[in-house]
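Note that the chains are named A, B and C in the order they appear, and that numbering of residues resets to 1 at the start of each chain.
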Amino acid sequence: MSFLSATGMTGGYGGTDIIHDCTITVEKGEIAVVVGPNGAGKSTAMKAVFGMLNLRKGSVTLDGKDITNLAPQDRVPQGMGFVPQNRNVFVSLTVEENLEMGAFIRTDDKIEDTKEQIFSLFPILAEKRNQPAGELSGGQRQQVAVGRALMTQPKLLMLDEPTAGVSPIVMDELFDKIVEVAKTGVAILMVEQNARQALEIADHGFVLVQGRNRFTDTGEALLANEEVRRSFLGG
Amino acid sequence: MTKRVALLYGLMCLVLIVIGFLQSWNVAFGIFNLCLISAVMALGVNMQWGYAGLFNVGVMGFTALGGLTAVLVSMPPVGQAWSVAGGDIALSVLSLAGTIVAVIYARKVVPPVLKLPVTLVLMLAGYFVIGIFFGPATDAIESIDPALSGYLGGAGLPVVLAWPLAGLVAAGAGWLIGRIALGLRADYLAIATLGISEIIIAVIKYEEWLSRGVKNVTGIPRPVPYEVNLIESEWFINLANFFGAAELSDAASLFVKLCYAVLFVIVLAIIMWFAERALKSPWGRMMRAIRDNRDAAAAMGKDVKRRHLQTFVLGCAVCGIAGAMLTTLDGQLTPTSYIPLRYTFLIWVMVILGGSGNNWGAILGGFIIWFLWVEAEPFGNWFMATVTAPLGEDSGLADHLVSGAAYMRYLMMGAILLVVMRFAPKGLIPEQTGGSAASRSS
Amino acid sequence: MEILNALALFTNFVVVPATAYGAQLALGALGVTLIFGILRFANFAHGELMSFGTMITILVTWFLQNMGVSIAPFPTALLALPIGVLAAVSMALLMDRSVFRFYRKQRSNPIVFAIVSVGVMFLLAGIIRIVIGPADQSFADGERFIIGAFDSRRALGLDEGIAIKQSQVITVVVTAIVVAWLFWFLQKTRSGKAMRAYSDDEDLALLSGINPERVVMICWIIAAALATIAGTLYGLDKTYKPFIFLQILLPIFAATILGGIGQPIGAILGAFIVAFSEVVVTYAFKKFLAYLGPTDWAPDGLVQLLSTDYKFAVSFIILVAVLLIRPTGIIRGKVI
């Protein structure tokens, strides 16, 4: 069984289901990317993995443990870190305080070390550590958001469209950082609008259409797949 | 649904009839009249809260404005005051008008940066100029026979005329405050209305030339006969004999109360008719649509702020009418009696208990809560006396608690509000919904 | 010399009382702004909570006075204050558990919370009036003046003295200590930072593992403690009247909105602006101007902008100005 395995997820917000029998898996140290057209249920699938959606069917296991019925906040101590798409930093808190809040549930004394690791991963944050996060640029905010999530030392990091609204240069930079994070052994699950670039760094890709798995393969294979390219990557 | 309404109204009537038999018909009709006025106030608040979801914490102010209007319309003018200070008053009004014109003109011509400072300077200057004429005028007015008048008096018109006028005055005040506070956070309106009501009370309390302030205006002319005249009229004596009244003076005061009741029922019926028509009209449906989903309504091109302002002003007008009716019934204006717990928050308990958004509910709430408010006092006394009985006759604590018994009614109102909000947020007579309002988050 | 006299006069009648009043308002406004920031509603019961805590303090003060306990020259009320704080905190937590928590779980509209707080206001108002009655109560003892008008006149060699009441000094000192502690708490401690984070973004705070119930609890504890301290200081400085606490809501709300909702620094700033405006606008400048003008000259009128009867009109005008010009307040607060 995979490190994260969300299998057969079916559910939605109101009466109607948005995702149907959807399966997403990630291995340790790997990057998995969920792509698909608008309204395909990408973000919904991600939220379902994190427990922000009531599932009618299906199960979610992390490291072999069934977490299907845990509330989102209870999944954090289990080793899940989540970076929402919007409102993902505490705007009036400083960068450093944002990171400290990320480590709120930790009781060990290694918090400072993790913070230094994050500062070395995102040097710009070290520079702006005493500035309120609300004053940073979009790309820097995303770094704060990722940093905040990493402070819990998650075994699985989930990112909901981390590159939404940032420039292509910043996007490349962010993707580089994400690859670096993955190299430390963290499993990464990411929903992306910029499908091509995301699949380039992905070990596994999941193409969702109308809430169902359409293609599942390695990132490389998906990029090479003629149909995927034509339908979802713009040729 | 209608069965429930009939049942609840029937029960309320029955309770009043029981009071009539047990205590006296005078007491019953005394309560009934105030119930009617409370019902009008509750209708006003229900328009704001029930139709539009606006939290008005200044009901007291609009009620008091209504009361002031009743005085200004019905009391005889004090000729001497006008002859002494009329000139200065006229000059004050002129200076006020001049200031307003100057401010408006200046705001048009000066560059935007200077707008605020220039406005402030002009307003300050105007304030002082008005003060030059106004100070002596008020002193002169207030020194005329202070024990009896000491104010300008009113217009000497029939007091019933004050009721619609009170609606207009309160609507004007509501329009001003609504313009400022609507369209912002919902709680800003609450705080702003809390403020304006305190200021209105302060004006009535301290502007003696206008309202005699804490010296109170008494003897406001009635729209109904006086008891002293009744007991001397032949037709009334015959009438009383016909009904077999034991005490003529009791019968007279009951007759007066009945007359008031008839007037109030007419007013309540008219307002109710309009309120129901409005609620069932396309306008009412739109109001509820805005209340239930403001963003969606705005997206459909509804001018939310404008609609809110309309409803708010209408609700204030109704509260003003009720205030004028109350002052008419009392026959006096006592500014110190206006306290927010009684005139603002109590009305809220009425609306919440009766059923937000339902006019029949608001009226029922007005009846029940007023009845409980009045009857809570004897009940509180009895309760405290019973509870403290074991403490013995001369216990200081017992005396203290019994003297505080009147405030049991606050506890009761708090408990009612909290219990209804928690367990029956739709109230006794829930709003009739087309489905959409059911999704309201409360 | 004349200028110095004018300044002394101004200090005595405006600066000193306004500072004390501002400090009292600041403590109240801090509580309201914290509740606004964390629980996201306008707490109409806050005035009555102040009143409740103060009432308990007064009862304990009377008890201590009867027992002959005294910390002269300081007022006995300071000794009783911790018990008043404890009582108000317990009451606030009780009300939260039994009333507000239900609506929090439902994620109710802020207006629903505000209406419910009116219910709590009724309850507290009833309890207070039954227990201590609706009349004025005096409980101040100890030294009345730190610097008397007469002494200061002699010391300064002026015609005008500056009298400073002990209650005013205690107010300012206590407020300074409490505010310093509060800012230290909010800026430096884990719980304080969690409160700020929660005020910023509830959902993200939840994702970070911050326990909302704990944050709310700390918020009530602080707000109730500040309310009791503010009420007691106000009572020592002026007098304790149950009905005043509904009226004092207005300047407190004005200060909160002026400062920016959910902004502690803003609340303090707002409180002092409201207090100084109120005192300056209602102060009669006649004597002050007489000192500054030519000898043997005095203005005709009192030169008072507004009669003291209208002092809450000042808060209201400030409120209206803020709503018209900058609804977010001085320090950008939460608007929607």
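The rule is simple: a residue touches a chain if its C-beta (ideal position, glycine included) is under 8 Å from a C-beta of that chain, and two chains touch if they have at least 3 such contacts.
In this text, all values refer to a predicted model and were calculated from it rather than measured experimentally.
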Find the two chains joined by the most C-beta pairs in contact, please.
B-C
Longest centre-to-centre distance from chain B, chain (CA-based):
A
Chain closest to the assembly centre - both centres taken as Cα means:
C
Indicate the whole-number Å distance between the mean C-alpha point of chain A and the mean C-alpha point of chain B.
57
Rounded to the nearest Å, the gap separating the Cα centres of chain A and chain C is 46
Express in whole angstrom the distance between the two chain centres, defined as the mean CA positions of chain B and chain C.
30
Chain B residues touching 2+ other chains are none
Sites on chain C touched by chain A in the complex:
190, 193-194, 196-197, 199-201, 203-210
For chain B, which residues are in contact with chain C within the complex?
53, 55, 57, 116, 127, 131, 135, 180-181, 184-188, 190-192, 194-196, 198-199, 202, 205-206, 339-341, 345, 348-349, 352, 400-401, 403-405, 407-415, 417-418, 421-422, 441-442
Residues of chain A defined as touching chain C within the complex:
72-73, 76-77, 82, 84, 87-93, 97, 100-102, 104-105, 148, 152
Residues of chain C that touch chain B when the two form their complex:
41-42, 44, 99, 102, 106-112, 114-116, 118-127, 129-131, 133-134, 243, 246-247, 249-250, 253-254, 257, 261, 301, 305, 307, 309-310, 312-313, 315-316, 319-320, 323-325, 327, 335-336
